[in-house]
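Below you'll find the structures, each written out as structure tokens.
What follows is a pair of complexes built around chain A, which joins chain B in one and chain C in the other.
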Partner chain A sequence: MSERTIDTDRWKGDLLLLAKIVAATYVGFASLGLVTGVPINEVAGFLVTVTFFAASFALVTLALNLHWGYTGLFNIGVAGFMAIGVYTMAVLTASPDASPAGLGLPIPVGVVAGVLVAALVGAVIALPALRVRSDYFAIITLGFSEIVRLSITSGTLREIEVGDRVYGTGGGSGIGYTPVDSVIPWLFDRPGIGLLGDLLYGIGGLVGITTSIINRLLYALVIIAFVVAVYALLQRLAYSPFGRVLKAIREDEVAARSLGKNTKYAKIKVFALGCGLMGLAGILWMGSRSLVTPESFMPVVTFYIFVALIVGGSGSNTGSIVGGFVFAAFLWEGPRFLRTIARANLDTRSPPTIYDAALELAAFDVMPLVGYFIGSLDEFRWILIGVALVLLMVYRPEGLLGDRKEIAAATDLSQRQGGESDE
Partner chain B sequence: MSEQRTRPTTNVDDPILRAENLRKRFGGIVAVDGASFEVERGSITGLIGPNGAGKSTTFNLITGVYRPDGGSVVFDGGDVTGHSPERIANQGLVRTFQIARELPEMTVLENMMLGPQNQLGESIWRSVTPVVRNEVIQEEKQLRERAWETLELFEIDHLAEEYASSLSGGQRKLLELARALLTDPDMLLLDEPMAGVNPSLEKKLLERIHDLQDEGYSFLLVEHDMDVIMNHCERVIVMHQGELLAEGLPAEIQGDEAVIEAYLGGDV
Partner chain C sequence: MGVVTLKERFSDTTAQEVFGGILVLGIVVLLLDLLRLVATGELSPGRLGSLLWYGIVDSLYIGLAAIGLSMTYSILRFANFSHGDLVTTGAFGGWTVAYLIGGIGAADFGSRLLLDADGGARAGDLGMDILASPVAIVLGLFAAAAITILVALAIDRLVYKKLRDAGGITLLIASVGVALALRYIIAIFYTQDSRGIVASSPRVGPVNLHEATLVVSAVTLIVGVHLLLQYTKLGKSMRAMSDNKDLALVTGIPTERVIFLTWVIGSGLAGVAGYLIVLDRSQITINLGWFLLLLIFAAVILGGIGSIYGALAGSLVIGITINLSLVWIPADLNEVAAFVIMILVLIFKPDGLFGGVETA
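Presenting the complex of A and B:
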């Protein structure tokens, strides 16, 4: 059979596209940094941070794309499902002697359990929530995610005494545990792989890159491996009759049901799967710090993920990864890099208010104004995100990759066995 | 129409569908008010009535889109009252909508591929598991062939790779009917399938419906065009203000005074 396998063709093309975007961005940032005299270690550190966030965002965005992009489930409680994943892992793996105490289970057990619990909770929420209209569904998910966050913070769950140990969520001060990125040092403690570690550290030392950056890079690669696996899974789903049913639910659920599709069942399955992936993303992202606190799961996190999805192109898995990357590189970490460059090159003392900056501007000194912007960068990032969204809506409302026709079928529908098309 | 293919039957001997005392109210409006009728297996039955008579609502009650406030629906010997639309469709009772419900951001082919029931790849694990997925791909190729053939039959194969949203109103109705056929139904409920379809294609569609009838399909057809009803239906059911006004052979209906009063006005 000469029919080209649609999967491989498309994946190759997408991989190439992604590689181009990533390479162009990295070369751009790196040369900008090096030309402006930022030390190589800082440039490397920045690129590694971008990689880490890009992979993390890509993973959650893929999960959200399954909900919103494919099935049209308006889940605005993403942060809550991430929290469930991370907290489950934290409680299971924290040391029994710590405060609050954990169960001291191995990290892999914690990771798997975190994913399963997030998926299970998703399924339980879906049962009642998917019965209501889609706008109410959105409110339920948002409410749920806030309930999760507030419950974790609440005094009731803060400390739970069992026997002579005090378990619980630790309230606002969180739970301490061994972070999941300890997998890298752990690997390098193994006899054979340790040599590889020494080699990498050695190379790093030669070009002036610290071991901690190398560790972070390797951990980012671990997340990327998860992104690849999840992407492969979701692409197979997307290009299948199941993916077709999901799209039909998004387009017109009554029509799908009238064609005999059990949409309720499909929605529950897909919601649970997506929530599990959100839990996984939460664990790999926020679980790589040694402390988890409720502030990491504010509703704004969900907003970030939606921005990434919209930027990349809702409904496309490749677009989700591109969106996660672009968001992390340009909207999330990019501004900070510009600050690093500015600080390395300019006298940027920051006046207390924009009014003071304007006063000095009147005296033909622009530096205080620049300094003010740089000093308040975290606030200006919001404006940047807003401007980016507006521009996107005007010039490319379907997102970077959203205009592609991604046909939900396991084979190329335009080709026919007996038909007139080329064989 | 020159061709007269109707088979005279006054009574329903072998009903494939029976609606009994169906009732549905929307706030103050009683849309369907105790309608009872039967549809003969293997027949083309017409359902007519003035605008707002409750025809579409009756379709919605039969196919599970709305839950009836009272009454029952029996399809092929089994009670399906209040069942979910997907369950009813799976049993072989499939409908189209008065305002076509194409899936706009999916291509015509994708729309068509949704028709076939119980596809292997509708299970997550079959779709993602490496070797098992090959069966899914094989089945997709077979379904693709059927989808193309059906599109050709309805003369919309040149639009196969367009988004359904770019189709004209008439083309959407054709797509919906073609898609419904791919579900392999026993009975089709068609809500004004010919509305907006050009006359030459309408003729072909009616031919096709008769062919399908010969293959054993049953049809219940809502239609405002009296020529179609008179020339192509064996039996006609007339609704008026949510109630059943009359039923019988087209010729009988044509002469029924109550029907003329309520519906045909006086122009017959």
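Presenting the complex of A and C:
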């Protein structure tokens, strides 16, 4: 009983911690940008982009945490399930006159169907795949996500003629459709809310922030609303009897089964639920572009989410959100912002190769080498992500908030709770 | 209820036999269809022959890489996702040495050092084929092995050694981090551009000499590894370690030395595989090994993790599958066929097609 109250109190403290981290990061980045002479519109754009990616990553990370953190299912096919969700939505909502053609259904129908199809496919994969060892399961899910990506890229599914319309995945060039973030302009076309929109645009105009950034901010808030809803759902799930079964599976599946729990059924259910959430996250994240292509679902996308989850600490929902935010702000968008600052303040012409830069370095000119490194920022970001993964695994495998991992038992049996001893 | 009955059917002990039966049946049907296609003239024997030959060539370099992956899987007990990038390391390292030696005088040092990253050292101008610069290409082959071994040992010292007692999943995630860091460190030097760096292969009659070099080097190395593991104490120690590490340690087997030699053999072969792939295809890119990794995994799993003979047999199956499947399915889906086979084997026969006796 006491354990539960500790945990329920704890999320309030964690929320405060999250708010502090977010506020400190935003103030830090904004003042850094303004001091170094980056225009206010670009600073605002950067902060909005961080918010958008943080919310998107947090949503996928929450879903992955349900699989790995709670149940111990090592799913590295996240990209594949996101692809299924986004492509389902794209096919259902694209205009019937476009090429490739869609069914022209309303966006909410597409979103719901995308989530359901991703969940369904997850359940079908889970039926046989959950029998195997965890490292085999990892390879199966990675293989599955590659099968999905290669199939949607393939020329065979590119164009499928049904009647006089040409449907299909569009191969490498993808499917065009109305993006889900069109919900903001749609809302502002309604009579009452339109006034609010005009007001926000007016304020933005006064401080020099464009309407497109305001729209993106509002859309990021929509994703945050989804994050809050999913967080509440998962938090409730985690403390339900079903949640205890999940944690018991993670800790000792044989023991859970011998206590009469139907662990296979629980695993299938939770895998399908997580895959559905990944589909939803994919739709809100990738679906806010007006085009979906297979390149958005390379296997590395899965590893972004893993880094976010590990940074935050697997097994904790709050940790997932913190991890998503830290990943988006510092590993994902942070380096780009630093590049913006560097380009605004330094002469950063980039020599064609690192050899040319090294030659100029030999002539005691450091700037070409600096310019080359700033030009290869994308590569550095990947190295940073890789090194972060290795360092976390070696020095802090439980993540930043990993001590939040909830155990299956009502009380922690590995620690004596004080009081009298047996003697 | 539907879920329960389905589940019971899956956990049935005969599920593996049923799967084996279906697989054999499927192969028989496909073989009969192949005979029909050849008999009706839809598939010329010449094309069938060349598909099988390409299958064998592909299986040789997949096999070289698969031996190393299988060894690290059984001895260090984790799925090494950075193995593909060791293949890439070998390709870039080996060809850099070949360019430095072979292109002296024909192009700038800088262009040769970075493998034509700035377009200043075209393969044709340098005469980068096996007849025009045989010494450079053979030395490059040895350098590919040496450089990859050094990189792998450095990574082991920096990362994996600190995680010897960690679980398989921890090591797996760390290896993903290593893979990303290694690949993009290569990208910083050589850029992310894909480019052709080997001149077109000279031919003697019908024989493609680059392909012949690949086949001869790969077969020699495979036979060499076979002899090494079969007739030295090292092979026995590796088998002992993959069975039970603690017991091996108690028996007096120097486990750290066995791990050292595992990395030497495994990464050396991976580096050579990368070098030979580029010799055969001419294209080099930083994603070379990463795109190959899942096929290598498929081969290792098919053969049963831990058995190098299984890994070779699995490579043959995968190599022939990705080429012979072109008879029935379009070229952009052939890897899907290989991955589907891999998933089915993992689910229904996780010990591999050949029993799964761990024989190092």
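Quick note on the criterion: the second predicted complex is superposed on the first by the 391 of 423 C-alpha atoms of A that agree within 3 Å, B and C clash if a C-alpha of one lies under 4 Å from a C-alpha of the other, contacts with A are read in each partner's own complex, and residues count from 1 in each chain.
The definition used in the following text is that a contact is a pair of C-beta atoms (placed from the backbone, for glycine too) under 8 Å apart; a residue touches a chain by one contact, two chains touch by 3 or more.
Computed from a prediction, not measured in an experiment: that's the story for all the values here.
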- Query: Once the shared chain is lined up, is A:Ile354 touching chain B (first), chain C (second), both, or neither of them?
  - Reply: second
- Considering only the touch criterion stated at the top, classify A:Leu59 as touching first (chain B), second (chain C), both, or neither. neither
- Query: When the two structures are overlaid on chain A, which partner does A:Leu309 contact: first (chain B), second (chain C), both, or neither?
  - Reply: neither
- Looking at chain A, which partner touches more of its residues: chain C or chain B? C
- Message: Quick check on the superposed pair: does A:Arg257 touch chain B, chain C, both, or neither? Answer first, second, both or neither.
- Response: first
- Have a look at where A:Lys247 lands relative to chain B and chain C in the superposition and call it first, second, both or neither. first
- Message: So in the superposed three-chain picture, is A:Gly386 touching just chain B, just chain C, both, or none of them (first/second/both/neither)?
- Response: second
- Looking at the overlay, does A:Leu237 come into contact with chain B only (first), chain C only (second), both, or neither? first
- Task: Spell out the residues on chain C that touch chain A in their complex, using ranges where they run on.
- Result: 3-4, 6-7, 10-11, 78-79, 110-111, 113-114, 117-118, 159, 162-163, 166, 168-174, 176-185, 187-189, 191-192, 294, 297-298, 301, 329-330, 332-333, 335-336, 339-340, 342-343, 346-348, 350
- Task: Sort out for me which residues of chain A touch chain B in the complex.
- Result: 233, 236-237, 240-245, 247-248, 250-252, 254-263, 266, 269, 273, 315, 405, 407-411, 413-419
- Touching residues on chain A, where the partner in the complex is chain C: 74, 127-129, 131-136, 138-140, 142-144, 146-147, 150-151, 153-156, 264-265, 268, 300, 303, 306, 310, 352-356, 359, 373, 376, 379-380, 382-383, 385-390, 393-394, 397
- Under the touch definition given earlier, write down the residues of chain B that touch chain A in their complex. 63, 65, 84-86, 89-90, 94-95, 97, 101-107, 109-110, 113-115, 117, 119-124, 127-128, 133, 136-137, 140-141, 144-145, 147-148, 160-161, 163, 179-180, 183
